[in-house]
Structures are given as structure tokens and as C-alpha cells.
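When the chains are written out, they are named A, B and C in that same order, and each has its own residue count from 1.
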Amino acid sequence: MNSNIFVIIASSAIFYGTPLFFAALGGIFTERSGVLNLGVEGTMLLGGVSGAWASQHVPGSAWFTVLAAIIIGMAAGALTSTLLAILCVTLRTNQTVAGLAITIFAGGVGLSSYFANIWKVAEAPVDRQVRRLDVFGWADAPVVGPILFNQTILTYLSWVLVVLASVYLFRTRFGLQLRAVGESPQTADAMGINVVKYRYLHTILGGALAGLGGVYYSLAIVPTWVDGMTKGAGWIAIALVIFGFWRPSITLIGAYLFGALQSLSSTLKARNVQVSGDVLDALPFFMTIVVLVLVSTRFAHRRLGAPAALGFPYEREER
Amino acid sequence: MKSPVRFERRLEQPKWLNWAIPVVSLITALVLGAIVLLATGKNPLDVYSRIFERGFAGKRALSGSIKTATPLAFTGLCAAIAFRMGLINIGGEGQFYMGAVGATWAGLVFGGDLPPGAVVIVMALSGMVCGGLYAAIVGVLRAKFNTNEIITSLMMNYLAAIFLNYLIYNSTSYWRDPESRNFPAGKPIPDRADWNFYEVGGIKIPLSFLIAILAAAAIWVLYKRTRFGFEVGVIADSPKAARYAGIRTTSTIVIVLALSGALAGLGGAADVGNFRGLLDSKGLQMSGYGYTGIVVAALARLNPISTVVVAVLIGGLTNAGFALQGPDFPSGLVGTLQGLILFTAVAGEVLVKYRIRRNRQAAAVLA
Amino acid sequence: MTSAVRMTGIVKRFPGVVANDGVDVDIRAGEVHALLGENGAGKSTLSNILTGLYRPDEGTVEIDGRAMQFSSPRDALDAGIGMVHQHFRLVSTFTVAENVVLGESDSPFMMDQSRVAQQVEELSNRYGLAVDPSARIWQLSVGEQQRVEIVKVLYRGAKVLILDEPTAVLTPIEADALFKTLRAMVAEGRTVIFISHKLDEVMKVSDRVTVLRGGKTVGTVETVNTNTRELASLMVGRSVEFNRVARSIPADVSQTVLSLRGVSARDDRGRDALHDISLTVGRGEIVGVAGVAGNGQRELAEAISGMRALSSGHIDVAGEQVQSGRARSAIAKGIAHIPEDRLHTGLASSHSVEDNLALKNYRSSSLSKFRVLRRKAIRAQATDLVQNYDVKTPDTVTPVRLLSGGNVQKVLLAREFSSLPKVLIAASPTRGLDVGAIETVRARLVEAAERGVGILLISEDLDEIMSLADRIVVMYEGRLVDEVAAESADRERLGLTMGGSTVSGGAR
């Protein structure tokens, strides 16, 4: 029963959707504070290459190394987005171009590739990985086993995060203040909320989560580093934030949909289903466009949650 | 707690900033790059002097750099013309591919029959139409549904790449060389369809580089002197004012994006006609001309004439990067430097908008 | 009597302007103290300094006799100073209760919605500020939003409340209710700083008045010892009086230049904003559209000028139909439009004076040939208009955003009048201008009417409408609810209909 194609697709939807969710959740925090991060792709790659390096070089027990790799990958992501925060929040540059600069600087032919080269990350496999677990020994349970009990620790972490993030955003004072900063920085400022601090912290947090998504690619999905291995996942994550109306729970569902699309090609090929591989490869990108068109048409942005001040630098003494 | 400096909005933008900002950005990027190099155990002076040598010193180096600069000039113009209207077209990469596809088709079909001059024109037009139509899709989505053009144009880069792979690797298309069973490759266009090179003082100048200069001049005239350019300027300044003045915003969006894509497509045509002579799927995807074009346009501050000049500069850097690639000169270094240049160019724009002043009160405390 | 707030020698400079140039104010505890001054006199800057949003370059601020240095709004709030801004500082997607507790730091991690709701209700009952704590801001009327602002400030325990032009968005009746609330707060020992440029209401509500002019203090007077005439001359530095402007050539209503039949349209969010509006304007007639902001005036102006598509109905200019939602058609038919948002709708603010003067006629054969602009002709047109309309600008290539408010409006007027229109839509044409500029704009409007232009004057300033219009219609919630001849117009009745009360026999 567990070799049923739908079970396999559902299982890999979650497996491949998890890194998309991490990056998109980071995007939610960043955008809720009013900063648009178009550098997610580059941030993920830097996180991924740092994590891969750590997995190859940090000594100690296997789980310690993997933990170190995760933390180092997240730190690399946080550092990258600090750069973005300096540009967007302090220097008040055009957020779109600043994000592009991050992606070009850190991306597949930039710093992540440079690091991979000088650290020789690509020359050896990344052996110490984040592996699929067998939770409660139920991994082989019919239907639910492969889907729910045979994922990596990071997927389970993401389920905790979706709850924590929802509570943080909608049930706590910090979440309320964060949303106010993204909706109307003037109001937040007048109410004594430190707009700059909120924007910095959440941009950096967003970068750390994107870095985590990158680590998932280099430590869970592909056992060897390849330059530009996220193949547009960072951009899909940005679209997922819109698709999820800036809410963690809907975004998680969206991430799994796109996870399913991404894995479809290899799953169907393994089953000898006669479908063009190119069409399947194109599906995630094509669907991203379709989804964007759908959400940008009739629904007014305001009602569905786009932070009103998204993309606008805040300047107090403006006249 | 107070920061020692503050930003003060400039009332007027002095003219000297136009050249000062790119120069200062470039120097700052090189300094930051030196820090990266030092931190990773390389000697920046050594690296930079080798880049200069291979990119700019001598006729051979310059010929190579101008060759690399040509596609960058087109993708730079593609980015500049759209960015000027506030349309962030980052699909230059995919539009470039589509232009190459269209031009290769025209070269294969007409290359044997038409006189050489006519072939160049047919290939160029075909490339422009393909690139332009491909970008127009983004424009229609933006104009009709207000769909964010940044992400759609980027997604279409990936789609175009998959399309290239399909044409060359995963099908027996018209573009694929049927002799290449084991190592799939593109079908070469007839020799008669090759575009010319001219020698000026020992430096080889490709025909397409001259076309790029003409295109830049045409765009300059279009934006500075025509009604269309006036309308684009008003839309970029204030969409509401444009609506108020009866300027048709939606059709202008589509036209500007189509023009932008046509320029990238022309670049793709040049890539086939002047340089590669066939549809090179892998080579195109590795070059990343579309993304580098954004760096070029930003550093040129979206001025079409400066775009060509900056393209030569960045082309030299890229060309040197290709030539030097090896254990001492890892790939990714050039991309990193380009990213840093874009960073500093973006940060430099702050100086256009603001003056940085010392905070008087903070200064008083220090004194 | 003790001072609640004392500000001495306040100087605040911005790039290119000195907004406050040695201002002294002394506000006693438990009074309503009015800050009176024209736009640009420095009132808002002063209040922004007092609330910690700006830092003064020079001068001292004392609260209850203690010198204070606010480096952020939070400091000012902690010192008991709360501000009700002219442009509300509310998060429109949040509920009233969420807006009220926003920024509170000493409260529990999780919000207790019911406790907040209870406190909000308590405050609203005590001061007559009816608001529903669970309503979302975007659902509320402007008057209700203002009440939320006041509740918010009271909730934070403010002893001193600053209200910046609070009546600008209110109907006369709502304004009276606000004055009662203010008196109730003063009676409890709070202090109110009331910022305004309207003489009547300052006389009505305040105990003392400090007058500002050109960033300097002119003087402080007890309200009982002064009158509007004296305040007016203090405010502008000379005596002024706005009377009904006499017209040498009367309107010719037998010829209709603008006619609207059953016009309906939607706002930006897709909700119905105009309902079945029918209206005519005669040759040389000035029709005033009175109403509180946000009742469809902007949509009306945009519908007529072709910036907004009609969902039903027709608009004719001198018998010719204007294509719905086609600004180009409206311009061609002879509709000129002075929009409310001059700098971003009426003008492309980063563009030069000459480009802006050509904004509507750059397509004409005199300014472009074969789609190529004739730069020389554009410059010549600008040089002419700058001279004729007395625009103060260094040259014709200066970006309009660098001009003063009055000169920005002159650029707009020059362009719109020089197109020799049949109809002119003027939306709040004098808002934010100083007295001299107001007089110029009004004179130009009258002059245009005398030349036969039919003018639709949309304004929230009832005085302006009453002094210029031949006929007045009142807009409320997207409908025309009343129509009267200007000579027989009665402020009280207009005030009532503006607030939505029906008047028998008047409504159409």
C-alpha cells in the first residue's frame, strides 16, 4: 500500500516542501515588518554551502556535526540578511534592487560558488546528513507511515515552528507590534515602537530561516554540493508568502503543494509513467506564475494581508 | 543613544554625482572584494592586476572584453529601459535565450539563400520579436492583472532554460544537430549567416557591438526627445499624474517591457550570429548575461549611453574571469565582485537622495 | 497658576526652511490652549517637537516645571503627553482595541482582549466618545476614527492632549460634540492644546490663544479679551476679511456646459462611491459641492475628469458626451481639473516646471511633430505662462516639488486655465495655501467664471463655498442630498445635511 503513487507523492511533497516553507516563513517575518527580501535565493545558497562545509569539517559525533551545520547555515543566512537590513533599513535604498544585489552577490555564480570552490565542498559528498527518521517505529505503517513518521527532524521542527509563528504573530504583543510596523510605521513610531529594531530583527530572523532552508537542500535533499542547487526555490518561496497571504499555516500548505510539484518529475520517472520530464520540471515555475496571477487579480491586497508599508523605507523627519 | 550621522534629504541633485557615484561605487566594491580575498587567503593586488592584464591590457585582451561586453550591453539596455519606468524586468536572461532561439531559426532557414546583409537583418528581427513577445507576456500580466513583474519575469527565466534543454537535449528539434547523437549540440548556422567583425587599430569589433551603440543612442533619443519617452517619464514619476493627464499606462507598460525584451532578444541574436554560430544551451545558461546586465544597468545609473561604457568595464572583468579560471582563480569570484559592485551602486544611490551630515547634538557631546 | 507645558526659544530647521524660529509657549494646567496660525506657521512642527517626534535644534521643553529631553515619542508618552494627529496614526487593518493597546510595554505577554474592551468602553462612556472596541478601523467613519485616536491617548494616561486641526474632518455637529468632550477632559484636570487656523472655533473652545506666524510667536491672549478680527490680524499680520465675492458678469444658466445624468461609480476598493448623481453647471456658473471629506467628492471629481470609469450614467460637456474613464476624452472636450492632491496627481513632481506645463498639451501639434517633442516650443510656452501667472521659480527647468505650495498651485492653474476650458473642476483649490495665495486663487476662479467657464468647486471649507459659489449642493455618502442657491444658503442647514440629516423639500 505504501508504494501507492499517492502515498509517495504526499510523502515527498512534505519532504521537498519543508525547505520552501522555512524560506517562506522567513519571508513572512521579514515582509510583516515592511521589508521585502528578494535575496532569499542567494541567502539560501550561502546557508547551504556553509552548512555543507560544516558537515564535512566540524569534528565530533554525527549528530553534533549536523547540529553545528544547521546552526552555521542559519548564521550565514542571518549575516547575509543583515547586509540587506543595512541597505534597506538604515540606508533606505530601493528594496527591490538591494534584494537583487544580495542574490547576485551570494547566488549560484557568486559568493556561494566561490566558497564552494575554495573550501572544496563539491569535491566530496556531504556524508553527515539530516536523515529521515523512523518515529515510534511507525515509518512503515500503512499510508500515514511514510507521510507522517518517516520525515527528517527538520520537518518536525517546521511543524513546531508553524504553531509558534502563528501564536507569535497573532496572539502576542510583539506580533501585534511587528504587524503595526509593517502596516503603518508612522503609527508604530508614534506609539513608541522602535521601527528600526523590529525591521532589523525580523529581517535577520528571516535570513536565518532562509539559511535553514538552504541547509536542508545540502544536507537532506542532495548528498553532494552543486552550485546553484536550490534552483529557484528562493524565488518560489517569495511567491509562497503571497500565496499564503502572509500567514504561516496557509503558507505551509502552499509549500507542500509546490513540494509535490518539484518531486513529481523524479517520482513519475521512477515509475515509468510516460510524461515529458521537461514539462514536469517546468511545472513549479509555471504554477508560480499562475498562482501569482490568481492572487493579484480580484482580491484586494489590503483585506488579505499584504503589509501596507511593504517595500517602503521609513523615514521619520520626512517633509 | 544617537547615531553620529544623519541623513538629510537633498533638495537638488548636483550634476557631478552622475559620474562620482559610479566611480566611488566601483572603488568601494574593489576594496570590499579585497577584504573577501584577504579573508580567504588570496592576494588581492595579485588577483586585480591579473584581471586588469587579461581584461584590458593589450589588443587581444580588449578584443576579448568587447566581445564579452556585447551581450552585456544588450542585457544592460534591457534592464535600464524597463527600470527607468519602475518596471523591474529581471527576465533579461530568458528573453536573451528566446532571442537566440529565434535568431538561430532564422539563420538556419534563410542563411543559405539570402544575401549576407539580409540574413543579419532577418536574424536580428527574429531575435527581437521572440525576446520581445516573451517579455510582453510579463507586461500583459502586469498591466491586466497587476501581477508582480519581478517574480513572473524571473520564473520565465527558468522556463526558458528548460525550453533550451528541451530543444537541444531532450528532443530531435530543428535546432539540434542530428549528427550529434552522443553529445547533443545545436545545429550550426551556415557560414554565410555569420555576422562580421571589423578591425579598428588592431582591436576586433564585432558588428553587434556597433548595433548595441546604435541601440543605446536610439533609446536615448526615444526617452529624451519623443512623446513616448515623455509619457514613460511621467508614469515613472507618478502613475496618478499619468492617469490624470490621459496617458495610457497599461499599454505603455506592455510596450516598454516588449522593447526591453526585444533588446535582450537582439543580444541573443548577436550571441548566435556574431559569436557561437549555433544554439548553445549549456553555454548560454552558464554565461548568465541577463543577471549581469542588471549590474551593468545599475552601475550606469540607467543611462543608455553609460550602459555601453559600463558593459565594456564589466565585460573586461567577466572576460578575465573566464580566461583565468582555475585553482588559483576559483569560479564564483567574478560573480561575487559583480554582486559587490551592484551593492555599492545601490548604496551609492543614497548619496543622490541624501546628504550625510554629522549630528550636531552628538558632535557637541563628543566635544 | 502652574504651567503644564512651557516651551522656550524653540528652533527647528529643515533643509531649506526654518519651521520654528524661537517659539515661546506657556500652557497652564487645566486649560484649553489654542495654537493659532496659518499653514506653514510652524504649529505642526511645534507639536511634533512636544511629542518627541522631532528634536529641536535649540530651545527647552519643560513639563510640570521640569526640563525634558524627548528622544522618541515613547518618552513624551511616558511624560503624559499624547497627540491626536491630523492624519490619524491608526493601523487600518487592526481593531479599535488592538490600536488602543499598541505600544503598551508593561502589560502581559498575551493580550487580554476583554479587559481592553472593557477599559475602552469605560473611557468612551466617561467622555462621550462612542466607539465599538471590536470594530476594524477601516470600517469606521472619519469622525469615529478620531474618537479612537482620543481614546487611545486617554488610555495611555495622557495629562496633556494635543489635537492637530481636529475639526478639519468633522461635520459641524460632530465638531460641537468634540468641543464638549474637550471641556469634559479639562474639567477633570487634563490640559488640551488645540491647534487650528479657524478663528471661530478657537473663539468657541479655548481659554487662551497663542498665535504663531512665520515660525515665530506673535503673542498669547485670553480668549475672553479678544475677538476674531484681532486674532485674524495677528495671524496674518494685517487685517483681512473674506466676503462674498462680487461678480461683474453674472452666470448664464440658460446654457449648460456640464451635465451629469445618473452617474454612479465605484471607489478603489470596488465599493459604490457615487450613487445616481445628476447635476448641471451653467456657463459662467460656480457650483459649490459641500460635504465632509470622504463622502465621494474625490470620486466625483475623478469621474468627471475621466480618471475613473462610470458604472452607469453619462457626462456631457456642452452637449457632447465624455467617454467614461478616458481622461484624454475629458481633456479634449474641455474639462480642466485642479485635483486635491496637487503634487502627485495634478503634477509630476520630479519633473520640471516646463514639462508640467506641457503635461496636458504635449500631444498638440504646436508642441510635438511626428511624435517628437519640440523642446523649444515647450520652453517658450512655459516662459510665457510663468510670467502671466506670476510663478516664482528660478527657471523653467526647476522640478516643481522644489516650489512653495502657492507656486505649485499657480503652475497648475496656469496650465489648466491656459487650455481655455469649458468646465473646471476645482477640488480644495486653496487648501494649505497662505492668505496671499488664497486671494490669488479665488480671484482667478472668479475671472474664469466671468469668461464663461462653468466651475464645480469641491471643498470642505464651507466659508469658501459660500463666498464663491452661485449655487451649493451637498454630498453625503455618495449622493447629492441638498441643493440651495448661495444667497439663501444657511450654514446651519448645510451643516445638518452634511452630517446626513434629511431636510424636507431640499433633497433631490
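Methods note: a residue touches a chain if its C-beta (ideal position, glycine included) is under 8 Å from a C-beta of that chain, and two chains touch if they have at least 3 such contacts.
Not measured: the values here are computed from a predicted model.
Undergrad: Suppose chain centres are the mean of their C-alpha atoms. Which chain sits farthest from chain B?
TA: C
Undergrad: Give the chain pair that accounts for the most C-beta pairs in contact.
TA: A-B
Undergrad: Just the number, please: Cα centre separation of chain A and chain B in whole Å.
TA: Taking the average C-alpha coordinate of chain A and of chain B, the gap between them is 28 Å.
Undergrad: Calculate how many whole Å lie between the centre of chain B and the centre of chain C, each centre taken as the average of the chain's C-alpha atoms.
TA: Going by mean C-alpha positions, chain B sits 46 Å from chain C.
Undergrad: Could you give the separation in Å between the centres of chain A and chain C, each centre being the mean of its C-alpha atoms?
TA: Comparing mean C-alpha positions, chain C is 45 Å from chain A.
Undergrad: Multi-chain contacts only, two chains or more: what residues does chain A have there?
TA: 319
Undergrad: Mind pulling the chain C residues that touch 2 or more other chains?
TA: none
Undergrad: Note the residues in chain B that touch 2 or more other chains, in rising order.
TA: 9
Undergrad: Give every residue of chain B touching chain C within the complex, in rising order.
TA: Residue list for chain B touching chain C: 1-2, 8-12, 225-228, 230, 233-234, 237-238, 240-246, 248, 360-361.
Undergrad: Using the touch definition up top, name the residues of chain A that touch chain B in the complex.
TA: These residues of chain A touch chain B: 38, 42, 83, 87, 91-94, 96-98, 100-102, 104-118, 227, 231-232, 235, 238-239, 242, 276-278, 281-282, 285-286, 288-289, 292-293, 296-297, 315, 318-319.
Undergrad: Please output the residues of chain C touching chain A within their complex, sorted ascending.
TA: Touching chain A from chain C are residues 14, 51, 53-54, 72-74, 77, 83, 85, 89-94, 98-99, 101-105, 107-111, 138, 269-270.
Undergrad: Considering only the defined contacts, which chain C positions touch chain B in the complex?
TA: Listed in rising order, the residues are 15-16, 55, 57, 71, 305-307, 326-331, 337, 339, 341, 344-351, 355, 359-360, 362-363, 368, 371-373, 375, 402.
Undergrad: Under the stated contact criterion, what part of chain B meets chain A in this complex?
TA: It is residues 7, 9, 36, 40-41, 88, 90, 141, 145-148, 150-152, 154-156, 158-159, 162-163, 165-166, 170, 288, 291-292, 294-295, 298, 330-336, 338-340, 342-343, 346-347, 349-350, 353-354 of chain B that touch chain A.
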